[in-house]
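Got a structure for you, written out below as structure tokens; questions coming shortly.
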Amino acid sequence: MAGSTIGTLFKITTWGESHGAGVGVVIDGCPSGLPLDEDMIQQFLNRRRPGQTPFSTPRKEDDQVRILSGVFEGKTTGTPISLMVENTSARPRDYSQIASCYRPGHADYCFDRKYGFRDYRGGGRSSGRETIGRVAAGAVAVMILERMGISFTTFTKAIGPILLTEEEIDLSLIGKTSTGLPNASINAQAESFLKECMMEKDSAGGVVECRVAGLPVGLGEPVFDKLDACLAKAILSIGAVKAFELGEGTNAPRLKGSENNDPFRMVNGNIQKLTNHAGGTLGGMSDGSELILRAHIKPTSSIFSPQQTVTKDGEEVTIQIKGRHDPVIVPRAVVVVEAMTALTLLDLLMINMTARLDSIVDFYGR
Amino acid sequence: MAGSTIGTLFKITTWGESHGAGVGVVIDGCPSGLPLDEDMIQQFLNRRRPGQTPFSTPRKEDDQVRILSGVFEGKTTGTPISLMVENTSARPRDYSQIASCYRPGHADYCFDRKYGFRDYRGGGRSSGRETIGRVAAGAVAVMILERMGISFTTFTKAIGPILLTEEEIDLSLIGKTSTGLPNASINAQAESFLKECMMEKDSAGGVVECRVAGLPVGLGEPVFDKLDACLAKAILSIGAVKAFELGEGTNAPRLKGSENNDPFRMVNGNIQKLTNHAGGTLGGMSDGSELILRAHIKPTSSIFSPQQTVTKDGEEVTIQIKGRHDPVIVPRAVVVVEAMTALTLLDLLMINMTARLDSIVDFYGR
Amino acid sequence: MAGSTIGTLFKITTWGESHGAGVGVVIDGCPSGLPLDEDMIQQFLNRRRPGQTPFSTPRKEDDQVRILSGVFEGKTTGTPISLMVENTSARPRDYSQIASCYRPGHADYCFDRKYGFRDYRGGGRSSGRETIGRVAAGAVAVMILERMGISFTTFTKAIGPILLTEEEIDLSLIGKTSTGLPNASINAQAESFLKECMMEKDSAGGVVECRVAGLPVGLGEPVFDKLDACLAKAILSIGAVKAFELGEGTNAPRLKGSENNDPFRMVNGNIQKLTNHAGGTLGGMSDGSELILRAHIKPTSSIFSPQQTVTKDGEEVTIQIKGRHDPVIVPRAVVVVEAMTALTLLDLLMINMTARLDSIVDFYGR
Amino acid sequence: MAGSTIGTLFKITTWGESHGAGVGVVIDGCPSGLPLDEDMIQQFLNRRRPGQTPFSTPRKEDDQVRILSGVFEGKTTGTPISLMVENTSARPRDYSQIASCYRPGHADYCFDRKYGFRDYRGGGRSSGRETIGRVAAGAVAVMILERMGISFTTFTKAIGPILLTEEEIDLSLIGKTSTGLPNASINAQAESFLKECMMEKDSAGGVVECRVAGLPVGLGEPVFDKLDACLAKAILSIGAVKAFELGEGTNAPRLKGSENNDPFRMVNGNIQKLTNHAGGTLGGMSDGSELILRAHIKPTSSIFSPQQTVTKDGEEVTIQIKGRHDPVIVPRAVVVVEAMTALTLLDLLMINMTARLDSIVDFYGR
């Protein structure tokens, strides 16, 4: 399993299980000179912290991040930044059922078959806590992107069957509702739906949308490292994501070329697209319009109603999962989607600096 | 632009533009001992060849592949396999319009901004001909996977608004209809729709589905190189793809956990999932059931009706694209989706061999 | 600086400075099933610990390693192994001289120019403490290689002008002398030389040799990832190493082909080379004979006699370095050379498993 | 064998055997805007062409390079540059002896063991012709580096026991003597020595030195991608190289710290080192002084005198190699060493552009 590293120049490596000593990330390739302290990262991490709404696990996770290296006198030095969050909330439990059974929708069976055995406490590496490292590193990426005028608007687009239309988005409510849906009445509908799910000992999924404004033109490397492709990988690497869309996404095949093409026009002296069906990319590169992507997240696999499954030894059994589990992970996944998007964009921004010979010559001519 | 290479152990690098000397691919890391000749690869390439139906460009592309290295006495040697297809059909043309204008839906504008200028003849690296290298390499991957009992069923799932339901799939028609839809009457509907598009000087998109049977459990590397993530990248690296789905995909968020979880049961003495909402992966690893993915393809950007755009110098103009263009690329994209899927799977199969210490010790103990 | 990761399948990422919270390493891609605990790694780390001889810094470094992830019930799980050693010995000091001056032979000047400023406390990332991560990861690699019958003999080959000939090697003294030279009288000579250096407020260099027995034939990937090339990179990535040799090394050019070629013969029914001028590789692959490499290490840059240099602001000054510094780092570098060699070999062993189609088919046919 | 690619941003992939259709290279990541035509590359390739002196194979290799992609209207476009040289000189021969025997000093045995069989015609991938791709790509790298004021002085430093001292270097003879030794009388001595070798049906090795002036400070990424480490890998990836040195190299261990440290001083208002024992790097980064490296090359393995070896089937035999072989490859290797050095430097120059946050912000602020 050498799959814990992502990125070419801005590279992150995450480690840790939910029930070990802690979880963390090493950021390698962070440019020097960024003001950074633990509070800045903590603000980001708090966005994924559970226990803030009735729809997330009552498990208390303090998730206090610690900077172990790479920062000196308040600034990044260019050396690897090691970030760690200790696991404090793990309490002794009886895992005998999970240890021998394969929970439907979980990675248990695959881990056992791939590695011969697994750390069955709390999902191991497939635990939601694995995303702490992503979010901590994403915080750093977002701070750097902000300095280039690049900004994020990330929110819940749907909870179960409750969808938010473009017109219903209330930008003032981004990040402020219990489900992440930025609309008071739609949020209330989603709350009712989620309460119903909880009563039924069931769970729900949803959709996260991430929009990025201020991107320069030309990010993404033809042909395999297209912006589209790198984003798709980053988003599908988040557990529970089952689909990825850019712009019109799955609706694009239903449009005709004349409907889907975005005409270019001059706006305030600049070349711009009049529409943005493409979602911000052309030919695998950013096109200067807003980047719009969506992650489709399956309902939480851990449900409290009885389920059919088998044990490691091939015995058919009925299990009933206990413990503390979110009935929906979508609200907490919003910041994870933003983090993965930011990490991808920053890496491609750095790579793109070498696209032209004259840029390189200019750089070293200074 | 160092984005022309994909894969870790089975690695391919494509090169070539539509109007240069040719297009090609170098496969590095192909295991030794595979019987290989040009005919085997050619059969695959023929599946993407235009001119076979009224819905693809009348441009004649012979696309005769040549093996330049890596094969000796009919077998791969383990050294890089260089494959090349010469560009024979390019005819002198007047590109002055494309050279100065940015075609809507095309990469023109982004290339100019990223690199300072571009090869404007036929789309350069964003040309559909770039996929020849992918398909040629994919042919090799498919042949290797076949030897492990892994097989592909890839077909058109939708053309514009014409959708194929699960029940309508006629396996005997895979690869045998003009649109790739494996159902005679649905295919006829799609033909009518496409003829209408052509009459309107417009274009259509569609959906390709790829199913893979016979995969071992455990392919994919947690956490960033999940099977899901690697496939998403491979598929989104294909030009014109705007969305990627696994299993229920964008439908998953509308299901509850109890509906979406696939129960495990014993079938003929083996652990199996009774349903396959997941589409063949759990926790980012293959779960032993069929892998099911879909690529959503936008309508062809080159349409013959007039479109608004701007020139390089910022003049607003109306362009009318000429030349030979497919009104729909979906039928020809089927084999490209299969190729990218096969390349991804083979690479992960090779990587997975080192997951367990005992496998490694056994291997070298022989 | 995205240079803190090495390896393809068995991949390590180190982090940490000498004066931060600690130093560490994340091992990604370690196969599952290896018995591992902190004591096993500690034994390796103790080999590089200072304060054991008069020729290493009197600085006390406890270097107690902690396993933060990747091990469950005493075995590796296949997930990332995070190892950390806290920095306990750092004491408040006056760094004002180092902060403004560029110490000759050190990275100070380059760090300042590359990153704009640097963490001047104790050398930052160029500190010898950075090797703790390498050695901890190397311990894991050595344990895995041992299970395949691969063993290491690593020792000091020279201290300053004191050279050890082949005949003088006393295998029973490997790892048991103050300088690492496995010969009692040569070691005594080296001790005298080092004492003289210390009296003169000067420092010494030396040579480390690493021999590896039991390697299978064929490790190394033609053409850029030759075994020779990967080893050279790994060894030259160790600070203070200025040259790398395999087998005859720099002596090879002085031999004629008839002298340097190793004839093949049958020995006990196996094909073997009668001599080993090559040092264990042919064509960039292991050839089944002993691997023999040498790392040439410059004299410690920190010397206590006065040196000419300049300040950041371009003022010419004389500095006299204070603090705790090894007069020779060679004895402590022995285990670092062994660790980097082991990491390289293990990665190539894993990659090599996919060289033949029949091996892959066999593996998945099981 | 996925080892045919090297580089991170400026990435090359070579392919081809001596007796297949041709050899070539794909350069991915070349910045746009470099004037490039076949003649420019050909000049470089001619430096490695055989048949120019009595000490290289009389085999005629025209080695006419063809640009297959990536150049438009005389300039690189940023897309992959595919370069190919057809194999024209291969003549039908009797390879039965080489096919069954393992030539001492060659890769034959390792290839057979690694891959199960090999292309025995002319050494396959271990042939000297493999370097054509390196040199062609290196030509492009050198042209780019020249635009930044970076220049190379590469020459033969030794042939067999004939060594060139620093004082004997005659810069006006660089690239102009039969052995590459830039000194008329030393060259004459080397000629005599080589004639003697040929008479004895034996072969010779030698040393190539490469010096690079004009490098900016700070190239190289701590800690594993040090400039030293990347160069060592690049140089050791050249067949027949057995040792690598930087600056004092293997002599450094014999110096004391006070002798080996290079003092900094102000020269014409700039910080400079007064001496250059280090060979141009400190802490794994370029230090602004001249880069000085040496590659030690073993004597050609193909000698015409009888040698003891075994057949594939384990029969002990005496072989006498026939055909056309260089008695010394050093003169032709000079340009290969320069090419690998240039490729490494350019890649690190590109990576280094992202070291500081302010550089990135400035770049995108434009």
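Worth a mention:
Order of writing sets the chain letters: A, B, C and D. Residues in each chain are counted from 1.
In this section, contacts are C-beta pairs under 8 Å (C-beta built on N, C-alpha and C of every residue); 3 or more make two chains touch, one makes a residue touch a chain.
Keep in mind that what you see is a predicted model, and the values were worked out from it rather than measured.
When chain centres are defined as mean Cα coordinates, B lies farthest from subunit C.
Contact count check for B-C and C-D (C-beta pairs in contact): higher for C-D. The mean-CA centres of subunit C and subunit D are about 26 angstrom from one another, to the nearest whole unit. With centres taken as mean Cα positions, subunit C sits 44 Å from subunit B. In subunit A, the residues that touch at least two other chains are 1-5, 8-10, 14, 29, 32-33, 78-79, 111, 114-116, 125, 222, 351, 355-356, 358.
Within the complex formed with subunit D, the subunit B residues making contact are 1-5, 7-11, 13-17, 20-24, 26, 28-29, 32-33, 66-70, 72, 75, 77-82, 84, 111, 114-119, 121, 124-125. For subunit B in complex with subunit A, the touching residues are 1-6, 14, 102, 104-111, 113-116, 125-126, 130, 158-161, 197, 200, 202-207, 217-218, 220-226, 228-237, 239, 241-250, 252-266, 269, 271, 273-274, 278-279, 282-288, 296-303, 305, 307-310, 314, 316, 330, 351-352, 355-356, 358.
Every residue of subunit B that touches subunit C in the complex is listed here, in rising order: 8-10, 29, 31-34, 76, 78-79, 144, 147-148, 216, 222, 349-351, 353-361, 363-365.
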